[in-house]
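Read through the structures below before going on.
Next come two complexes, and both contain chain A; in the first it sits with chain B, in the second with chain C.
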Partner chain A sequence: MSTTTADPATSNAPEAALANRARFASLVQRQGALAIFVVVVAVASVSFDTFASRGNLTGIAVQASFLAMLALGMTFVIMTGGIDLSVGSVFALGGVLAAWGSQHGTLVAFVLPLAVCGAIGLVQGLVIARGGLPPFIVTLAGLLFARGLLLLLSDEGATTYKVPRGSSFRELAQGELLGVPYPVILVVVFFAIGALVLHRTSYGASVLAIGGQEDAADLMGLPVQRTKVLTYVASALLAGFGGVMIASYTSSGVTILGVGTELEAIAAVVLGGTLLTGGAGTVLGTLVGVLLLQVIKNVINQVGSLDSDWQSVVSGTILLLVVTLQRFLTRVERR
Partner chain B sequence: MTPQHTTAAAVAVGDPVLQTVGVTKSFSGVRALEGVDFELRAGEIHTLVGENGAGKSTLIKVLTGVYTPDGGEVRYAGETVHFRRPADAQHAGISTIYQEVNLVPLLSVARNIFLGREPRRFGLIDVGAMNKRARELMAELGIDIDVTAELGRLGLGSQQMVALARAMSVDSRVVIMDEPTSSLESAEVETLFRVARGLRDRGVGLVFVSHRLDELWELCDRVTILRDGQWVHTGPMAQTTRLELVSKMLGRDVDEVRAGGATEFGASHRQSGEPALVVSGLDVANRLHGVDLTVHPGEVVGLAGLLGSGRSETVKAVYGALKARSGEVSVAGRKVRTGSVRGALASGVALLSEDRKAEGIVPDLSVRDNIALAVLPRMSRAGVVSEARIDALVDTFMKRLRIKASSPDQKVRELSGGNQQKVLIARWLATEPTVFLLDEPTRGIDVGAKAEVQALIDELAEQGLAVVLISSEMDELVEGADRIVVLHDGHVQAELDSTDLSSSELLAALAGDRAADPQAPIETEGQHA
Partner chain C sequence: MSDSTATATAPGSTGSTGGPGGSGRSGTRFDVDWVRRNGVFVALGVLLLANVFLTDNFVSTGTLRLQLVQVAPVVIVALGMALVIGTEGIDLSVGAVMALAAALIPLYVGYGSVGAIVVGLVGGVVVGLLAGVLVGVVGVQPIVATLGLMVAVRGVANLFGGEIKSIREPGLVSLGTGDVAGVPYVVLIAAVVSLVVWLVVRRSTYGRQLVAIGGNKLAAQLAGLPVRRVLVTTYVVSGLLAAMAGILLAARSQASDPTKLGQLMELSAITAVVIGGTPLSGGQVRILGTIAGALLMQLITATLIFHDIPDSTAQIVQAVIVIAAVYVQLGRGKARRS
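For the complex of A and B:
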């Protein structure tokens, strides 16, 4: 029999090996979307001369920026173990309010949509956190409410408010800095702040703890209710701000926007490696998820012979692939 | 240490710091606490004792703002307080380790220790400083783990130590620990005691709950006994004998409480015939390196070893819940496919796992359904379940294990910690397995039920069941097992005959202390009679 004195070095070696393997698996899980993204971009660049052109890439980035705002808020919501189905409608409502507001000044175009959308988020958050109702139902109600409000404001969608010619409000999404469109800059700034908030603030820590084990978070004395309310408010504000951006971009309040966009946001978040059950994930992963979805759309548009309906088919397939891969990896990892 | 901002006045050592007066609490009509008076003084370690379901955890939750009492009041530092949530109690200087390890599995160890009070720099969490402090705390506790690793990957014992580190990391006036030692090895228990005594000497008041009664005399100054939600007794620990304690706790006469051995296990068993379980060369990546194990029908084989020695991994691998790289498992002479739980179950292997919360209990199902879950296939004919037979079975086990529930239809979630354990034990016992793997079967259950479980294991072995028993209580291993296999770093290190073995000798063998005790009857494999 071997000697009985425990040698710390040898007894730790397997632990370390195990930890390394787990790290690797979780890295692959988190970056699965990134890998696919790189492959798709590489293939597209080789296949279509137009793809890698500066104009096309900028277009993709700007197109993605609206969904990115929604997905950023959705990331936090999902990390708390919740879901926000209202963001698509809130996004559209924000756009219509901004377009209408821009007729009364640029300040109104910002403040009005954010105030209304923030209020919707606040009510949803309070009902979910205080009342303990399931987020799915509450935000489904929010979806219907926001869409209904939008239709009321626009005579069942018949009226499209225009941003006045020469309004400085158009600058928000149409202007650029050193050749980079403002929406792209805004997304980069917002996501950087989002990452900082998630990893370096106590609010972010609470978000992850609540999603990981809500009872424990409560027993540890974390402000569970406040964190949840804040999260739904932030989600609605970001969706509303996405709407403000698109109103500026299109110079009008398009009423038919945002149908099903909440599902796209959820898809982007999940593609980005955030657990749908909450408690783990990254903000940057979500950005990759958004870009991946946008690149797929763009590539399918480049293939002239393909109907644009293929966009959803391909996105859905990739989503399924990535999620399956993630599940497989977590299983391997837990072994 | 972060300074604690409390409004309450300072309390001199020996004066009451946390009290309840006539506290009452009911859950949907069922009384969990009835007019309980409790007083914790600054600078003492006070133990709360009582059967499973007596109301200990409920009292702790009333003290710390998880539950609002229906009647009576809570006083802190002489003033009546109304904590509305756990955060309120924490901010006032009360640190609590709740019964179930209540941390967040997906977050890192360091994050868990500092959640809600992370060290900051320029308003942002200082991750570097947080990890460094966490490393220092874990080093103080003598635990060598990577503080950046996900908590959920650690064993239950290490998780409990993380919970302790969390409680230690703030400067509290009161520290409450609800069964902090249930998954700890003796070395960690020692560490915990050292920490607890250190806090007491600094004037902190501590509440300590444990079903390992011996620990109480070692650590505690005073004891309060609860029975069925009522206060029964408070007094100095030193003036309370074990017999008195148990009799007050169970509500029986002292004479009735037998003063036999430390456990209810009987003599050794006759083993007969072909081995029921043969494990050879079992190898699990990084954890087990060629473990051999043979168990005969009617034999109880103990697995002993320190934290991380591979005991739980061995039984999990046999059960198919851990994937084995190589090695063979056969039951009653027939080979079982490794890595398949279904295969193991079909050949009559049952595992009562260590982490019952994560693996097994279905909190929202009733007591009855939880017990019946595993026997349903056997209890049904042509798909139709015999309700009467199930009721009879459930009734038997609820009586036998003294499961305290308002009815068989109560949700398991609402039972006390110990009673949840009993439900799981009942479920597996009901399946009448050929080979029963028991990982810490008596953890967290009270003396009365412990004896009952031990007697049941004995009885099943008498009837020819092959049992593998893991326990960190030495008495239980020495008295319960016929043979003890000692594991070290995933190897079988020795095999001991338990007939003339004492707990301290086993402990010495575990610690690798052979040189210090050359008389220890350690025999290498195959030499036992």
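For the complex of A and C:
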């Protein structure tokens, strides 16, 4: 009896210290990107007069809004322990379909891309959830398929569909409310919904449970297959909607968009503290990850003497540093 | 034997779709297994035969030579990728490494062909070493580690290479375009690399350790295998082979274009490996299958081009083939795991 009471007493102090360290580690894990983001923004504001200007900041927000849509869907996919490599192609496909559709009315410009992209997501989700194929391969095939479909629709990429002059479809990404561009408002609304869905719905709970331990989630009676299918449909829909937005923004269906964008989206999600092993993560972290990548691009553009190739060098290096840091921190947490 | 396969199937099938599908499949298990093992060779043979009869001028040294020259770099990269996938990893950086190696060539061509090639290869080894340390020592997930490297290294290649540079050094040009007794150097090098990698996987301690680590990393660690060293070595080999492919591609086209060279090569290589029967879950490396996988994808693309089928349709066909191939291989991976 005496030993059992003595044990916790003697180990209390180091345990508390460990708990503190673990808490600190998990804080950095979740807010690491935010810290870097704040530092980069602060340094950039001091270094460049033009950085903190209203026009530049609005530009960053609008530029980031397209990637943000892809990254939001990717966050949910990665939280289930999966990956979606098709979003870059689906994004481009959505844009081409929207531009083509806008010639037949604004409603078509919305419905057609979402229907096609949603269908691609549905097939991918079914093959992954029911067929049990690895998400990496299925969505890799989806990448090829969506890009092939895009080329088929655009005469092998030779035709760029234009959004008709005066079409109300242009308003979606070119209009603004009280000085805030619509794309920025859309991103805020979508991310708020995403956060609510993740934390307040049974679907969100299932997503995290599946990513944490798929077998356990299955045994608990959670709808594993349905949740997965829904997640891939949502990811494709969001990517398609990102395409709709960029078609409205550029008033055309640019066929060469979205190559490698899936990797940017994954990078943003990982930077935001979502573990690629699934089961943990935040929607807001992803938004910070997207903004961080966009701010880095912007800062490198501001430094006139720097080649734009530095963008990828810096983004890649920051990604590697953050994941290395995350790795050490999860070790501390587990200890 | 039939008992053991039956028990092995049960957990896998309940995990995915439920009883009926699993039991239905186990009846034809032998045939299915044979298809999984040799499907890629059968498909390759059928497609070759179909082309012999249906495509004009297919059986000419010119056509075959061109196909082999085009597939050689893919084979070289895919072999490295097969080793990485064997360790349950993935290497997304190979395309960027190709660009980096090719970008280094024009810069160091002043030291002669050999000097430039060595510098290019060292570039690949350095990137592979970084990937290996991140994955093997730090413990970062392979897909994230190599994704970061892919982005960063492509940027570095662009910084080094800048715009497209032409390669005029006679040694390099002959490496890319010359041949021995009608066999292009590029094809010869791919064949030698294939043989070496096959021997290493089959005969060396490293090969066996690699497969053991991919099968069960924890068990390999407990058994005292040098897990870190094997992982680092594997990514270094992948980087080295990618650099080699990049140099050969640049030498063949007599130009180095760091923005374009090797783009999407990681996906081609992974496809070749997976179609060749190596499961993404690690623990197996199928070298002949990988080579056949690369040849099959090349032949599919070529067949579609021969018959004037546009790029768009070609990509859609490839997507369907990838899914079908993995679907056929699926059951085996599960049975092996449980």
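Following the convention adopted for this analysis, the second predicted complex is superposed on the first by the 314 of 335 C-alpha atoms of A that agree within 3 Å, B and C clash if a C-alpha of one lies under 4 Å from a C-alpha of the other, contacts with A are read in each partner's own complex, and residues count from 1 in each chain.
Throughout what follows, a contact is a pair of C-beta atoms (placed from the backbone, for glycine too) under 8 Å apart; a residue touches a chain by one contact, two chains touch by 3 or more.
Being a predicted model, the structure only gives us computed values, none of them experimental.
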First (chain B), second (chain C), both or neither touched by A:G279: first
Which superposed partner A:D215 touches (first chain B, second chain C, both, neither): both
First (chain B), second (chain C), both or neither touched by A:G142: second
Partner chain in contact with A:V270 - chain B first, chain C second, else both or neither: second
Residues of chain A contacting chain B in one complex and chain C in the other: 215, 218
Chain A residues touching chain C - in the complex, by the definition given at the top: 83, 127, 130-134, 136-138, 140-145, 147-152, 156, 215, 218, 263, 266-267, 270, 276-277, 307, 309-317, 319-320, 323-324, 327-328, 331
Residues of chain A that touch chain B when the two form their complex: 1-6, 8, 10-12, 14-19, 22, 196, 199-202, 205-206, 208-209, 211-213, 215-223, 275, 279-280, 335
Chain A contact footprint on chain B (complex, rising order): 66, 85-87, 89-91, 96, 98, 102-107, 111, 115-116, 118, 124-125, 127, 144-146, 149-150, 153, 166, 286-287, 306, 308, 322-323, 488-491, 493-494, 512-514, 524
Of chain C, residues touching chain A in the complex: 15-17, 90, 92, 134, 138-141, 143-145, 147-156, 158-159, 267, 270-271, 274, 280-281, 310-316, 318-320, 322-323, 326-327, 330, 334
